[in-house]
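In the two complexes below, chain A is the common chain; its partner is chain B in one and chain C in the other.
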Partner chain A sequence: MKIGKQTIKLENTPKILQTSSMVGPKEKQGPLSIYFDLDTKDIFLGEKSFEKAESKMLELCILNLLKKSSTKAEDVDYIFAGDLLNQCISSGYCMRNLGIPFFGLYGACSTFCESLTLASLFVNANYAQKVVAATSSHFCSAERQFRMPLEHGNQKSPTAQCTVTAAGSAIVVPKDFSISGPYITYVTPGKVVDYNITDMTNMGSAMVPAVYNTLATHLQDTGRTPDYYDAIVTGDLGVLGSEIIVDLFKKDGINLQGIHADCGALIYNHDMQDTHCGGSGCGCMASVFSGYFFEQLKTKKMNKILIIATGALMSTLSSQQGESIPGIAHAVAIENEA
Partner chain B sequence: MKIGKQTIKLENTPKILQTSSMVGPKEKQGPLSIYFDLDTKDIFLGEKSFEKAESKMLELCILNLLKKSSTKAEDVDYIFAGDLLNQCISSGYCMRNLGIPFFGLYGACSTFCESLTLASLFVNANYAQKVVAATSSHFCSAERQFRMPLEHGNQKSPTAQCTVTAAGSAIVVPKDFSISGPYITYVTPGKVVDYNITDMTNMGSAMVPAVYNTLATHLQDTGRTPDYYDAIVTGDLGVLGSEIIVDLFKKDGINLQGIHADCGALIYNHDMQDTHCGGSGCGCMASVFSGYFFEQLKTKKMNKILIIATGALMSTLSSQQGESIPGIAHAVAIENEA
Partner chain C sequence: MNTNINMTNQEYSDYVDKKAKNSPIIKNVALAFLVGGIICMIGQLITDIFKNFGFSKDDTAIITSISLIFLGAFLTSINLYSKIGKFAGAGSIIPITGFSNSVVAPAIEFKTEGYILGLGANMFKIAGPVLVYGISSSVAVGFIYWLIKLFM
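Entry: the complex of A and B
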C-alpha cells in the first residue's frame, strides 16, 4: 500500500532468507574482509576478459546464495539484476546459465536497492515465493569503460571513488517461511534529481541531492525520525558525499551523525589502500549489505536499518556532450521486527 | 498470483487508460502512419545530438500521454522506462524533467513489455493508482553506438533490421477507473535463452528461441491455445525471425499462421523503404502497440492480444569478444473483457 508521496508499506512483510557476497583482492584486504562469503585473488576469475570475469563473479555469488539457502535454481521464481556495463552484459550473460525468469534493471549504483525493492514487492504481493536480487561491478571492466584503459595508469582525483570488484545477492521469501530473517517493511523508490554537477570524478557530490530527496521523503512518508534506525546506510556517497549529506540534514535540524554510514566509505581503509573517497559501483552496497549489514541484523547487533543505494545516471557520452550528472536513490527499510 | 511455471495472473485486472506514440520521418512514411500520435520531421528534434533528441522524443511522448489521459505528472505514482543507449541515458535524462519516481530497466528491445509488466503488477497489487511504462529508440543514436557512424554510409546485410526512431508509452490504472480500457490479464516474464547465434546483423534469428520459450510457457501456464488470441504480436523478430517462429511452432503441431504479427515487420513497407528485415529497437513495439494495436482494442477490431517483446542482450564488446547473442522475451496478455 502506498503511503505519503512515494513510499510503499509492505504489509505482508516479506523476509530476507539469505544473502551472499563475493569480492576481489582489494576488497578482501579492506576492513570488512571477514564478512564476505567468497573472494578471488585472480581478477580474471580464470576468464579471458574483465567483462566475462564480472559475469562469472555474479554467477558464483548467486550460486553461493542458492547453496546457502538450500534453494535450487529452478525453485527461484524470478530474479532482478543489473550492473554498470554497457547493455548490462554482466547480468545478461550470467542469467543465460541460471535459467531463472529475469528482469534486467539499470539504476547505476542504485541498482541493488532497486532490485531488492522489486523482489520484495513481488513476494509481498504473492506473485512469487522466492525472488532473488543481485548486482555486480568490477574495477577493471568499469575503469576501461568509463575512464581509461588500466594500462594508461592514470592518476585519480582526490574526490574520485574506486569501482569495487564485488557482487552481492539476496533471496526474499514470504514471512511465514520457517527460517528466521529480517523483514522488508517499507520501500521508497526515488526520483531523478540533478543539481548540475558535471565533474565525473566527484560522483559522491553529484548523488547527494538524490539521497537528500529520497531520505527526506521517506522520513516524511513514514513519520519516522533518523534515530528510529540503528543505521541509515547509503551506497555510495563515499567520504566526501557522506560529509555533505550529514551537513545538508543538519541545516534542516536533523542529526544524522552517528546514524549515517556509507558502504563506499566502509569497504576500504582509505589511508592504507589509496582509495581516495572510497568505493562505488553496483557491487559495493550489494556486497557490504549482503556481507556486513545482514550479519549485523542476524546477530541483532542492529535491528532496524534503512539502506539507500544511489546511482549516477550519466554515461561517458553524456559527459562528453557537456551534460550534468543526474542522480537517483532508492531506499529499503529492513527490520528484525515487523 | 503465479500460475504454472512463470506466468502471473493479474486477478485485479488493471487497465490501460491511455497510450501515446511518437515516431521519426521514416516511420511516419510507413504503413502505420495514421496510427501514431506525434511525429517529427527533424531527427534532431531541435537538440544538439542524437542522444539528446531521443531523450526529448521520449519526454514529448510521455507528456502527450499525460495530456491525452488528463493526468498531471505529479499524479503519476511511478514510471518504468528504459532504452538501448549505454547507461540508458535516454530515459535517465528524460526523467530528470518529469519528477516521477523512476525504475530504470534494461531489457534491450524487450523493455516495453518488461515495463508494462511491472507497471501492471504495481497497480494490480494496489501499490499505485497510476503507473507509466515507456521506452524509446532512435535510429541515429543506435546506429553509431552499435554499428557504424552514419557518415560511414555502410551497407546493411539482407537479414539486418533498422532501429526505429520512435517512442511509446502507456498509463496503467486500476479496473474501477471510470474510463473504459483494455485489461492486463496475464504476464509471462521470460528467461534468457541463447542458441549460439553470433551474427549481430541477424538479430531476429537470435531472438526466436526466447520467443519460442516464453510463448510455449505462456500457452502451457494458461492452458490457452494460440487461436484464443486475435493476434500474438512479437517485437521485433522482423521478417525472417517471423517466418522462423511460425515454422518452429508448426513442428510442434501449433499453427501461428494468421495469428502471429511482428511490430518490426509491420512498421515499414520493406519493398519501398529499403528496410531489409524490418524495424527493431525499444521504440518499435512501444510505438506500434501504443499506436496501432491499442486502437484495434479500443475499437474492438481485436479483443484479445498477446504482446511479446524480445530483446537481444549482447553489447558491441561482447560480440567483439566472440560471445553469442542471448535473447529474452516477455509476454503480456491484454483483453477487452477480464
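Entry: the complex of A and C
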C-alpha cells in the first residue's frame, strides 16, 4: 500500500530468510573481514578476464546463499540482480548457469536496494514464494570501464573512492515461512536528484542530495524520526559523503550522529589500505549488509535498520560530454518485529 | 518539511569544495621533482656510458630514448610503474618512461578482447591524443619555419 509521497508499506511483511556475501582480497583485509561468508585471494577467480571473474563471484555468492538457506535453484521463483558493467553482463552471464527467471537491473551502486525492493514487493503481493536479490562489483572490471588501465601510473584525488570487489545476495520469503528472519516493512524508492556535481572522483558528494531526498521523504511518509532506527545505513557515500549528509541534516535540525553508518566508509581501513574516501560499487552495500548488518539483526544487536543504497547514474560518455552526475537512493526498512 | 537540501547548485558545489580534502600539492610537487629528476639522471647516465664507448651524439640520443622506453615498458609489465606513478605523479608521467607506460598499460589490459580489436585498437587510448596534437603542432611549427626561411 502506498503511503505518503513515495513510500510503500508492505502489509504482508515478507522476511529475509538468509543472506550470503563474497569479497576479494582487499576487502578481506578490511575491518569487517570476519563477517563475510566467502573470499577469494585470486582476483581472477581462475578465469581469463575480470568480467568473467565478477560473474563467477556473483554465481558463487548466490550458490552459497542457496546452500545456506537449503533451497534448490529450481525452487527460487525469480531473481533480481544487477552490476556496474555495460549491459549488466556480470549478472546476465551468471544467470546462464542458474536457470532462474531473471530481471536484470541497473541502478548503479543503488542496485542492491532496488533489487531487494522489487524482490520484497513480489513476495508481498504473493506472486512468488522465494525471490533472490543479488548484486556484484569488481575493482578491476569497474576500473577499466570507468577509469584508467590498472597498470597506468597515476595519482587519485583524495576524494576518490575504490570500487569494492564483492558480491552480496539475499533471499526473501513470505512472513509465515517456518524459519525466522527480519521483516521488510517499508520501501521508499528514490527520485533522481542532481545538484550539478561533475567531478567523477567525488561521487559521494554527488549522491548526498539524493540520499537527503529519499531519507527525508521516508521519514515524512512513515512519520518516523531517525532515532526510531538503530542504524540508518547508506551504501557508498564514503567518508566525505557521510560527513556531508550528517552535517546537512544537522543544519535542518535532525540529528543523525551515531545513527548513520556508511558501508563504503566501513569496509576498508582507509589509512592503512590507502582507499582515500572508502569503498563504492554495487557490491559494497550488498556485501556489508549481507555480511555485517544481517548478522546484527539476526543476533538482535540491532532490531530496526534502514538501508539506503546510493547510486551515481552517469557513464563515461555522459561525463566526457560535460554532463553532471545524477544521484539516486532507494531505502528499505528492515525490522525484527513486523 | 522540505525533502530537498536547502541549497542552490552553486551553494552546494561551493560547500562540497570547502569540505573536500585537497591534494597535498607541495608534497606532490616535491616528489614529482625528485622522481622526475632521478629518471633524467638515469637517462644522462645511459648517455654518458654510450658516449664513453665511442658512439656519436645522435646515436647515444637514440639509444638513451630506446633504453628508457624499454625500462618504462618493463616496469609496467611487472606492475611496478603504477606504484611509482602513484608516488611520483607527474614526475613519472612526463618523461618518456611515462609515455611508454601509457602505451603498455592499455595493451596489457585490453589483451582479453583479442590482439586486433582489443590490444591493437586500445593501445593508444591514452597516448593517442599526445601523438595527434604533438605531431600536428610539430607540422604547424615546421610549416611556419619553412615560410620564414623562404623570406629571410
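For the reader, a short list of remarks on this structure follows.
Operating definition for what follows: the second predicted complex is superposed on the first by the 337 of 338 C-alpha atoms of A that agree within 3 Å, B and C clash if a C-alpha of one lies under 4 Å from a C-alpha of the other, contacts with A are read in each partner's own complex, and residues count from 1 in each chain.
Going forward, a residue touches a chain if its C-beta (ideal position, glycine included) is under 8 Å from a C-beta of that chain, and two chains touch if they have at least 3 such contacts.
These numbers were taken from a predicted model, which means no experiment stands behind them.
With both structures placed on the common chain, the touch criterion links A:Gly104 to chain B but leaves chain C unconnected.
Contact with both chain B and chain C is seen for A:Ser49 once the two complexes are overlaid on the shared chain.
Using the contact criterion defined above for the overlaid structures, shared-chain residue A:Leu248 touches chain C, although it does not reach chain B. Within the superposed three-chain model, A:Tyr195 lies in touch with chain C and out of touch with chain B [touch as defined at top].
With both structures placed on the common chain, the touch criterion links A:Lys67 to neither chain B nor chain C.
By the touch criterion defined above, A:Gln87 lies against chain B but remains apart from chain C after alignment on the C-alpha atoms of chain A. When the two structures are aligned on the shared chain, A:Lys301 is found in touch with neither chain B nor chain C.
The contact surfaces that chain B and chain C form on chain A in the two complexes overlap at residues 48-49, 51, 193.
Residues of chain A that touch chain C in their complex: 5, 48-51, 144, 148-159, 193, 195-197, 202, 205, 208-209, 212-213, 216-217, 219-220, 240, 243-244, 247-248, 251-252. Chain C makes touch with chain A in their complex at residues 1-7, 9, 12-13, 15-16, 19-23, 28, 76-77, 79, 81-86, 88-89, 92-93, 98, 101-102, 104-106, 108-110, 112, 125-126. Considering their complex, residues 1-2, 6, 8, 48-49, 51-52, 77-78, 82, 84-89, 92-93, 95-96, 98-108, 114, 118, 121-122, 124-129, 189-194, 311, 313-318, 321, 323, 326, 328 of chain B touch chain A.
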